[in-house]
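Several structures are given next for inspection.
The same chain A turns up in both complexes below, where it pairs with chain B and then with chain C.
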Partner chain A sequence: MDLARREVAAPDAADAPEVPDVADLVRGPAGPEPDATAVAPRSRVGWVRLALMAVPAAFFAVFFGYPVVAIVGRGLREGGQWQLGRIGQVLSDPDILQVVWFTLWQAAASTALTLALALPGAYVFARFDFPGKRMLRAVVTVPFVLPTVVVGSAFLALAGRGGVLDEWFGVRLDTSVWAILLAHVFFNYAVVVRTVGGLWSQLDPRQEEAARVLGAGRLTAWRRVTLPALAPSVAAAALIVFLFTFTSFGVIQVLGGPRYATLEVEIYRQTATLLDLPTAAVLTLVQFAAVAALLAVHAWSLRKRESALSLVPAEHTARRPAGAGQWVLLCSVLGVILVLTVVPLLVLVQRAFGGPDGYGLTFFRALAAQSDSATFVVAPVEAVGNSLAYAAVATVIALVVGGSAAAALTLPDTRRRPGGGAFGLAQLVRGFDALLMLPLGTSAVTVGFGFLVALDEPPLDLRSTWILVPLAQALVGVPFVIRTMLPVLRAVDVRLREAAAVLGASPLRAWREVDFPLVRRALVVAAGFAFTVSLGEFGATVFIARPDAPTLPVAVARMLGRAGESYYGQAMALSTILMLVCAGVLLALERVRIDRQGEL
Partner chain B sequence: MKKHARRAAAATTAVLTLALLATACGGSGGSGDAKTVTLVTHDSFAVSKPVLKDFEKRSGYKVKVLRGGDAGAAVNQAVLNKGNPQGDVFFGVDNTLLSRPLDKGVFAPYKAKGLDKVPQRLQADPDKHRVTPVDTGDVCVNYDRKWFADKKLDPPRTLDDLTKPRYKNLLVTEDAAGSSPGLAFLLASVAEFGEDGWQGYWKKLRANGVEVASSWEQAYNDRFTGSREGKGKGDKPLVVSYASSPPAEVMGVENPPEKAPTGVAKGTCFRQTEYAGLLSGAENTKGGKALLDFLLSKRFQEDLPLQMFVNPVREDARLPKLFSKYGETVDDPATVAPKKIAEHREQWIKTWTSLAVK
Partner chain C sequence: MLRLDGVTVRFGERTALDAVDLEVAAHETVCVLGPSGSGKSTLLRVVAGLQQADAGRVLLSGRDQSGVPPHRRGVGLMFQDHQLFPQRDVAGNVAFGPRMHRTDRAETGRRVAELLDLVGLPGAGGRAVTALSGGEQQRVALARALAPEPKLLMLDEPLGQLDRGLRERLVVELRSLFRRLGTTVLAVTHDHGEAFALADRVVVMENGRIAQAGTPLEVWQRPASAFVARFLGFDNITAATVHGERAATGWGHIAVPQGTPQGSTLLLVRPGGVLLRPPDEGLRCTVEARTFRGGDASTVTVLLRPHEGPALEAACTLRDAPEEGIEVGVVFDPREVVALHGGDRADAEPPTEPVSSRS
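The block that comes next holds the complex of A and B.
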């Protein structure tokens, strides 16, 4: 099983019973399964599931549901009366409608453009072997985990005034909507490459070959054989890209100019600048409705497109490109990656090292020196330390919450127990799954301000404590953990455990010897994702009044907001450090990923 | 699986318990013990470490700083937490936002020591002293000296100058809806041309090719030819920025030039004054008062310029050399009463957006 299918990015794999899961793939077409109740009494399974669901449910209720409801309620209630008239009022404002329209079409256009540019990339990563592939896969993922402030400035360095494109071709995009669309591609390229490419690399090429032998043309074979098999993962990737671009904030702020605003930007304006909570509340509800509808459509479309796939280990399908056509394809994909990802990142690094007197460590030294005297400048070591510490705590929380959610979602329902209740249960489970995705589609300022108004009474007065930062980060990390853990947990064959029991192993020993080794690597990968995502989380973290221990992204944003070359260079220097830390974690993940592939 | 699950459940409970414990121990809702005083502020707040240490040593209080985003977000957070504040003192509300927290009763009265050294006109609440002025900063049009010298053109000096044909397509400002200098520049035009005249001014400015960037960062770092981070790649030699931007350009440069590379058009300035206040419902009122005194102390006031690039409000505070050499003093900046700003801000921004952006 390829790791990429287990990412964020692969809600299809999560939507289980219909999706062919790894266990099915290993065993072949699913026969009647042993009734789970044979292992554990039905009631006990129920209780365990309840206990498992209680953890994530409590976490989301307290740290997501309650704060969001509190801030929205504050906006819509006045003097104890619900002001539902506000909804119609806000929604009939032409300016707001324009924002909604722009949000929708730019998300659709960004998604289409990302798919168009990244699908060839997915193919190349899936089917071709070339030197530096692993490294490159980590590199294209770096923008995805970088905070949007840094992505925005990296992208300006590429497509902005005096950027690389300007110098080479005289092309400038900084004031057009194209800048936004391309930045979204830059951001989400990896989502498509990893989600679709992951599956593509495991599709058995012999199927397509068989179709061709039977007389189908190249295109027909691809359309009739490969495309249907890929469709669910393409849909999943499209969903994630749409979700991310629909709620885009930082990119629009940096590149959009005052003309373009998404709902997210408008919510920020209404909340943080104007304190018009009623309008912000209505917009939050609109965003919620849109995201919920999106998740629903996705779940529905998945069910319609199920097909059993014949998968093979990825290393059997990739080969060196042969023939001019394949080389041209490989080179053009590498070209796109070079221009869209590598160059902006390199420009960032170049600006970090390019001091007023030539290249050197001027800005890094300045960071270290100034931090001794002033509270404003954060020593890089300290910012890295803060970031790592927060991300570590956030990872633990995300793993515990996401892990138990994933475990609850895999408990037998699921094992298609005949009889009543199972259908309702499956629905419940799927709803729960979608619910846990909601934070990805919620405005950061809503969550940040929600924390402020909701968590203000003992024993939950967390407003001025450090724990709020990792909690906010964990909200974003949990969906990633679930996406990573689910397919693997589902793949653990019950019969292995039964066999261990028959051979005399205690349940604990069976868990240790059977489950744990299978789940361990997925756990490591999930931890890695939660960690990098927490490292880059910027949104909610900024809107929480934090004790003075800024994380890297926050420190970068602070520096960017000051005049003077020195601060700008230091911001770039800090961004470079952040990039290196992210890239390091991602490369380590690539190693785990490679190990895995030989196994399943 | 079940074991695993149970373990996970146990671990979560442990983590959540720990989190709550940490909270309880960390002191909730500001300053749990009387020895800590909590300052709630925005992301730009800065102070020299030795200066802060000195206050902590003399007063016996430990200072905890909470930062909550940009100035607007931080003020709004304080408003939302009215009566049950996150800390004891809030610093960083300026005259463009002051009415909101004052009207909502966010601040409690306290007359800080040293207020007699502050010019009367800066005191926004002279009767009750709910807020104390701490610093001022002027938002002005900055120009690139070299660009104008090369073109043998005199830089503009007043708002009216900016509408003249010789300055066509040279100015970049910021979005008044989302950027504080952008709003200040709009207010400068309101102060200059009156509530009914500023719209006409912006029509002329628009016709003269004013460009609007979404943020100060973008306008200054990317578009302005005079900022060194732009590396000369910007295209606008005029930008709406701060009167303190020229000294900032020189700060940290190894061989400082005789003159700052950028200058300030003195007739285009709007004065922002930043205030601090004791939060009503603060746990450590006594410590909060001491902290307010500190913010107005000569030591802190003289530390301000190089830390936050603003001017002290105390008349007896000496400016650092960087400021006295490269900075420019603006004698007669425009300003608009906070009450008036509060009444009209949203309408002005809406009108401005339709005039300048759409």
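The block that comes next holds the complex of A and C.
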């Protein structure tokens, strides 16, 4: 789902350990084992763990498992009979096959294009030192936290009908697949720069030097030493980009037009427009299977990646570019970033301020006006307040659910010997960990529609309550919170807790005195990203947001769906507001990180 | 004060502690000595309650501790790598224990200042622990462990990571400190020098079992087994048959002290008892290598290859050390000959190098 992608956002892998690595997010159960340290009394810790696990387990069962099962059941059951024949029927429909084919090839093409453009960037960020590098890294990260709808609008403003390229050169890309591919690169550029560049910057250059001294040429040394060390992380980054683009929704919804649809978009069309639930259910299953396969390959590649590498602090490996070749490389990477990242956002802002009578606040003022059309029951500007309120509630839910899950996963283990028991605690914990990652692989549209279908009757009649939206948004925020908290919680040395225990601290007290101060910042970062993820959530929200209380992405999408210059301009204006809020949160998180570094 | 009754801990196939009995009297300092992996640290963790015993009992002041969590045992443990709380300053670390025991603020402040004085860091309360040197961290860790006034203070490789000069100074300081405070101490180390300097009594461990217990002098003079002897650095061990005051060994017949058990046994000859003579006197050997050990006596260890029997180590002064490659004769001083027990394992395996300890 397109929501998953932004959860990766983070300023800098190398020096921000509290922010999860891209790979960490999708890693699921492959994390390190809990420590085999015994703490008496055994049973009490076990109960605390069960209690902590109960919160997320119940949350996921009610708000994820139940809706998904309900909608798949509603699609594939008729008169109490399973209609599994429908799977074959749907999959032999040429239109559907066309969608599957497009989903696959656009994901492959987007991945290839992203790697081609971003790998030189990864190298430049890893090995070169140049003024403004920190700021540039923040700039590259901005697209990460942007809602997909905003990115769609930005590329529409750049390359769509009446866009900048259309005005100046008569070039329109919105009818071609190029707009989609470029928007995907825009999004995922930072994924590659972070995963590959992060590792690259920590590879010890002396390894290559050792190869040179042993008689290898510059290129041979790179091919024989650096490339093998890098290859697994390139593969991991490619897989993640493929996963994100495979489940793309918001971008395609805005830029795809009638011609291009991914599975996710088609699921939305089948449920919301055609009301063909059986087809949607089959497509959901297909997407689920594909994502599961991708994640399995990813887990396998992660295991292969666990080879011993010689790593050094990143700041020791970067130096100023020397020679014409390196300067050309640096400049071309800067050029790509400028064209790909900065220009679309600038164009978005330019469109927002460019009213019919020259630059001004026309569109922003229009947002505040009570609309007379059926599209909006309320003034669009109210969407800002709705979004902020929903996102705040969703953040709280995600922190409670994700925080207790992360705490349960890192509680000191009471096993006395490794590998004891047929179905031991380790398996249980690993299974739980994997379960929590499931929403990343499920169609957001299915979840949203499932909410409507499943949660509309007592005892859970939530359809007309506002809480439904934050609940759906929290669902995608939770995996992110867990992935942010887990590495930090796991990094807390067990023996620090033991030291506290020996000095007289009870287990709870030890957690508060030792763990909490260390994870407080991770909690802030997790909250920040849960907030931006919730703010930008589109696939599920579009179903369940009430007409009189739209969120920002929903309002933008509705406006883009209407004809007329005013709606277009207002969509750009709303997108600009959303972009500023998200970028603001990112910059605030950047500050948290800097504070932390200043402290240690 | 502390009693262990048949304490056993297993990690899968491996037995870390094998039916260990141990007693530590009040105000006594006991040092557990052993190579890495002998179960020393596990012993401390069992006493602290950080590790459950698979069998046996731990008694503190006569009370069975099974089911008592670490924070209610009232013992102190100084971790091998200190484990200071990084986010707290020096005073915050030392005050942690009293705070957990709800000591009032003024009293805590007084005790922190007192303890920092005691460990030689007066006024360091406001410093960040990450900015301290290894020796200073060690002192803070000690002050932190002492602050809640534990019944029993346990030290895990207390001086392991410090350089030699500091170590030797701190051993002396610690010993007089524990005397003064009357603290009961159970320490583990792999360094016999450290153990001998610190302890009233040492306990040598081998593969989770107690190989020997006694005063430092007893253990040094009469190692109970080939394992203990080798661990203490003595390698001149040979199978022997004792008859009266003579023994038949791999190096020929040598004199043994009065009262040596008769019959077949193992004999240790301390390097100081291997006396170098002209080549035509005693056992003829070739000098294979010599290693300068330094020290006040300018000791040199000479490795000898006898014409018959296993290799021999001799200790002599630098002035008396022979050149490598020449032939010498060797006679044995009976006062430096010791009969060992546990003969069956004598030639099996030399002990692992006591270099690094398990963390």
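By definition in this document, the second predicted complex is superposed on the first by the 448 of 600 C-alpha atoms of A that agree within 3 Å, B and C clash if a C-alpha of one lies under 4 Å from a C-alpha of the other, contacts with A are read in each partner's own complex, and residues count from 1 in each chain.
What we mean here is this: a residue touches a chain if its C-beta (ideal position, glycine included) is under 8 Å from a C-beta of that chain, and two chains touch if they have at least 3 such contacts.
Predicted model only: the values in this text are computed from it and were never measured.
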Exercise for the section: Have a look at where A:253 lands relative to chain B and chain C in the superposition and call it first, second, both or neither. Expected result: first
Practice task
Have a look at where A:495 lands relative to chain B and chain C in the superposition and call it first, second, both or neither.
Solution key: second
Practice task
Go through the superposed model and pick first if A:54 touches only chain B, second if only chain C, both, or neither.
Solution key: first
Practice task
Considering only the touch criterion stated at the top, classify A:513 as touching first (chain B), second (chain C), both, or neither.
Solution key: second
Practice task
Pick one for A:505: touches chain B only (first), chain C only (second), both, or neither.
Solution key: second
Problem - Larger contact residue set on chain A - chain B or chain C - result: B
Exercise for the section: With the two complexes superposed on chain A, say which partner A:557 touches: chain B (first), chain C (second), both, or neither. Expected result: first
Problem - Interface residues of chain A shared between complexes with chain B and chain C - result: 40, 507
Completion exercise
Residue set of chain B touching chain A in the complex reads 1-6, 8-9, 11-13, 15-16, 19-20, 22-24, 26-30, 38, 40, 43-50, 52, 64-70, 72-74, 76-77, 79-81, 84, 86-87, 100, 175, 177-178, 212-218, 220-223, 227-231, 233-235, 241-242, 244-245, 248-249, 251-254, 307-309, 346, 353, 357-358
Exercise for the section: Report the residues of chain A in contact with chain B in the complex, numbered from low to high. Expected result: 40, 44, 48, 51-52, 54-55, 58-59, 74, 156, 160-162, 166, 174, 253-254, 256-259, 269, 271-275, 356-357, 366, 372-376, 396-397, 400-401, 403-404, 407-408, 410-411, 445, 448-449, 452-453, 456-467, 471, 489, 492, 497, 507-508, 511, 515-516, 519, 542-548, 550, 554, 557-558, 560-566, 568-569
Completion exercise
In the complex, the residues of chain C that touch chain A are 10-12, 48-52, 54, 67-71, 73-77, 79, 81, 83, 85, 87, 96-97, 100-101, 130, 144-145, 147-148
Fill in the blank from the handout: Listed in rising order, chain A residues that touch chain C in their complex are 37-42, 416-419, 493, 495-496, 498-507, 509-510, 513-514, 517-518, 600
